[in-house]
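The following pair of complexes shares a single chain, chain A, combined with chain B in the former and chain C in the latter.
Up next is the complex of A and B:
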């Protein structure tokens, strides 16, 4: 365990070296949230109803603000990282560390999970709590949310890792990564709440793993009248995805690694 | 160096093939390539066998694209050989990548395994935990490093602010940190100045001495080879051409020396004249010197010089040993065009 935690520690120190980037992230988010605010205000105004798809304007806004915060903290740009080290050939050095590459890379990212959690997610969450005067309950949903986020991180990482592995074959990253990002953002409910999707689209979404990244933890956190069986069901589905995606990414990587050619040098 | 005879690396008939897409030229060709299934097989390494013992420093040489890095990648466990058997300390590297990693250290000249944004000491601490180095062993190796190089300044400097030489030095120290049985150095002195090169050679030599670490060194710098390696292995187009002592390599090519003389007039024309006088020797002329290659087992350099002096007014002269570099160049050239290897050598 020590050899993994040391990577977390290194990640934290590394993240703290770049102070200015936090300012940029915070300012960028504020701008994005302003756009979201006015966009959805307009949507609700044109709908002429207090509730659209069972969600009030405040519900939607809380959902999207927290989704953005969650995205900032969970998105590790794994695909870029893998792609870049494939292209530069640095991946060779990472592969021959005395631990599996998939784990090595994951734990290298954990440091920035920790810093991003404290520097972006937590402040946003506190602000939302204060501004909405107790719309968010504090009960079982909090520990469940934490577990759910952890699984979300693992699922997200597995998906990224699978896409990163594809880069071993294509040796290019840009297009694949953009496609992945759009798909994940759309189907995970990070840009539009899943409740707003048309019925058939919703059905598709429920069959895909992406919803388990952002929508599941957020639904658990913001659950109001939702019954425990429902929460547990969502939780269980997430757990299954977590296991499946991890297994697929490990297998895919192991198979791919046997047929790669590492460039240069 | 007591357990010299214990093999740490064994390669048996190793081959590695890559499938490469046959690319076509131009826009039309590129579009065709998108759907092409026209692959050709390239043999990067072709039936190479060798055994390396504990504590040896082996120079692994060959022209660019000869298959050196591919071999190293197979020994480190990154690549799986197409056929043949590799054992590194009894391990099959690609099957037991993590176990193998504990036994090896790697430096690739142009890449760094260090944490870019952090001071060197942090990278060392991370590596200590990753490789599970005990506190005592960590302290010992630090003490050894202190006795060999001036690392105090380096330890607290972020790696990104280091010069190339400092970074290479740090990377070598990092590779030796967990006291591996084998260290692979892939062009460690590339792009460094003379004094840094000397420093790095000395460091490698000392570490090999003190820790009895096996070193596999690839380089294009013959200075590295002369300073460090007793044994060299030469590979070209995936095939092993030579595997023996460095002294043997020179002996193999006879005791050649080059006699260089300078005289008045057009040296290129004179060179032809000299060639006529010594039909058995190889004579070349450039703008500065006329070079005569003398095989000392047949002719004496002094005799040649004396004979030259009788018919020409010699203004200056030099005597050169044939260098390892030239010998290797001859081997490469011989490999590239097998018909011409009788010339000169």
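Up next is the complex of A and C:
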């Protein structure tokens, strides 16, 4: 365990080096939030109803704001990292480290998790709580939310790792990464809440693992009067995806390792 | 130095450099194909998102669905040049950081021109096709008259509007001459592309001002597109937008060159 925490520490120190980039990220997020605030306000105004697809304006806004915060905190640029290591040949040095590559990479990202959590997610969450005057309930949903986010992180990382492994075959990073990003963002509900999807599209979404990254934790957090069987069901589905995606990513990596061709390094 | 050589010289040179770039890209065929698919996927997902959001509503703030679609197509076309012609800006910080940038400084052509001409991003052409298709579709749905003058106006306003995004990206890329990690600045500006597709009337007056003058997102698509969409009530800012585009571009070019002149290598 100690060797993993060393990686976390190194990550924190590294993340704190870039203080200016932090300011730029905050400005960027504020702009983004401004745009979605006014956009959804206009949409609700033209809908002429308090509730659209079972969500009020406040619900939608909390959902999207927290989705953005979660995204910032979960996005680790894993695919870039793996792709670049493959292209530069650095991957050889990472593979011979005395721990599995998958685990090494994950723990070296935990440092930025910790910093991002305290610098972006927590402040956003507190501001949202204050501004919406208790729309977010504090009860059993909070510990469930934390568990659910943890599983979301694992699923997200596994997907990233699978996509990164594909780079071993294609040696293409940009295209693979952009495709992954587009698909995950759309189907996970990070840009538009899943509740707004048309019926057939919703059915497709329910069969894919991406919803378990952002939509599941946020639905659990915002659940009001949702029955416990429903919550447990969502939780259970998330758990299954967690196990499946982890297994697939480990297996795929082990098979692909034989493929590796290294160009110098 | 740039004044001595004519436009023709630069066009010919550009053609030659681009042909080399395309040849080298074609040697990584798999990467090229995957990147193109990635670009198409981005556009399709943009459309799906747009459709999901607006399909249920006849109009948003006085903008019908078809008008919004026109604006969307307009923004797609207007951000194509920055994608195709100025993609090398993304590598600027790496070139500056590693010291490779020095090689551009010793060529007897305009530095900015030479640097940007090195990369031509073909996959942006897919986006151009998407955008033009959307504009034509929306145009026929709205039932706007198709006249020579209207098309001429559209072309002029599209090309000048594209200068705004180019200018923003140039300036953002040039920050790497002063700060180490300029990726975040570029990424921030890059996100403006997505905001350009909404009519600025949805914002409150304060933010309308901000998005017009501080972060001039409204000039990427909103103001210039009014010349076609609202031919009877064109605001002054629409008529000014071509000049604003050109002015922005010139200023960004100056910033870029100023930064490049400050550059003195990393000594490796």
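We take it that the second predicted complex is superposed on the first by the 264 of 265 C-alpha atoms of A that agree within 3 Å, B and C clash if a C-alpha of one lies under 4 Å from a C-alpha of the other, contacts with A are read in each partner's own complex, and residues count from 1 in each chain.
The criterion applied here is as follows: a contact is a pair of C-beta atoms (placed from the backbone, for glycine too) under 8 Å apart; a residue touches a chain by one contact, two chains touch by 3 or more.
Being a predicted model, the structure only gives us computed values, none of them experimental.
Novice: Just from the overlay, do chain B and chain C fit on chain A, or is there a clash?
Specialist: Overlaying the two complexes on chain A (C-alpha atoms) leaves chain C and chain B fitting together cleanly.
Novice: Looking at the overlay, what does A:42 touch: chain B (first), chain C (second), both, or neither?
Specialist: A:42 sits against chain C, while chain B stays out of touch.
Novice: Between the C-alpha centres of chain B and chain C, what angle is subtended at chain A's, in steps of 10°?
Specialist: 80
Novice: Give one of first, second, both or neither to describe whether A:198 is in contact with chain B, with chain C, with both, or with none.
Specialist: In the superposition, A:198 contacts chain C only.
Novice: Please indicate which partner A:13 is in contact with in the superposed arrangement: first for chain B, second for chain C, both, or neither.
Specialist: first
Novice: After superposition on the shared chain, which partner residues are touched by A:176: those of chain B (first), chain C (second), both, or neither?
Specialist: second
Novice: For A:3, is the partner it touches chain B (first), chain C (second), both, or none of the two (neither)?
Specialist: first
Novice: Touching A:32 in the superposition: chain B (first), chain C (second), both, neither?
Specialist: It touches chain C, and chain B stays clear.
Novice: On the A-aligned overlay, A:133 touches which partner chain: chain B = first, chain C = second, or both, or neither?
Specialist: neither
Novice: For the overlaid complexes, name the partner, chain B or chain C, with more touching residues on chain A.
Specialist: Between chain B and chain C, the winner on chain A residue contacts is C.
Novice: Nearest CA pair across chain B and chain C in the overlay: distance in Å?
Specialist: Superposed on chain A, the two chains' closest C-alpha atoms are separated by 5 Å.
Novice: For chain A, what residues appear in both contact lists, the one with chain B and the one with chain C?
Specialist: 18
Novice: How about chain B: which of its residues touch chain A in the complex?
Specialist: 18, 69, 73, 76-80, 94, 97-102, 104, 106, 108-113, 115, 117-118, 122, 125-126, 128-132, 158, 186
Novice: Contact residues on chain A for chain B in the complex?
Specialist: Listed in rising order, the residues of chain A that touch chain B are 2-3, 5-7, 9-10, 13-14, 17-18, 88-90, 92-93, 95-100, 258, 260-262, 264-265.
Novice: Going by the contact rule at the top, pick out the chain C residues touching chain A in the complex.
Specialist: 28, 30-31, 33-39, 41-42, 45, 48-49, 52-61, 179, 181, 183-185, 187-188, 191, 195, 198, 202-204, 207, 215
Novice: Once bound in the complex, which stretches of chain A touch chain C?
Specialist: Touch residues, chain A against chain C: 18, 20-21, 24-25, 27-28, 31-32, 34-35, 38-39, 41-43, 45-47, 52, 170-172, 174-179, 182-183, 185-186, 191-192, 196-198, 201.
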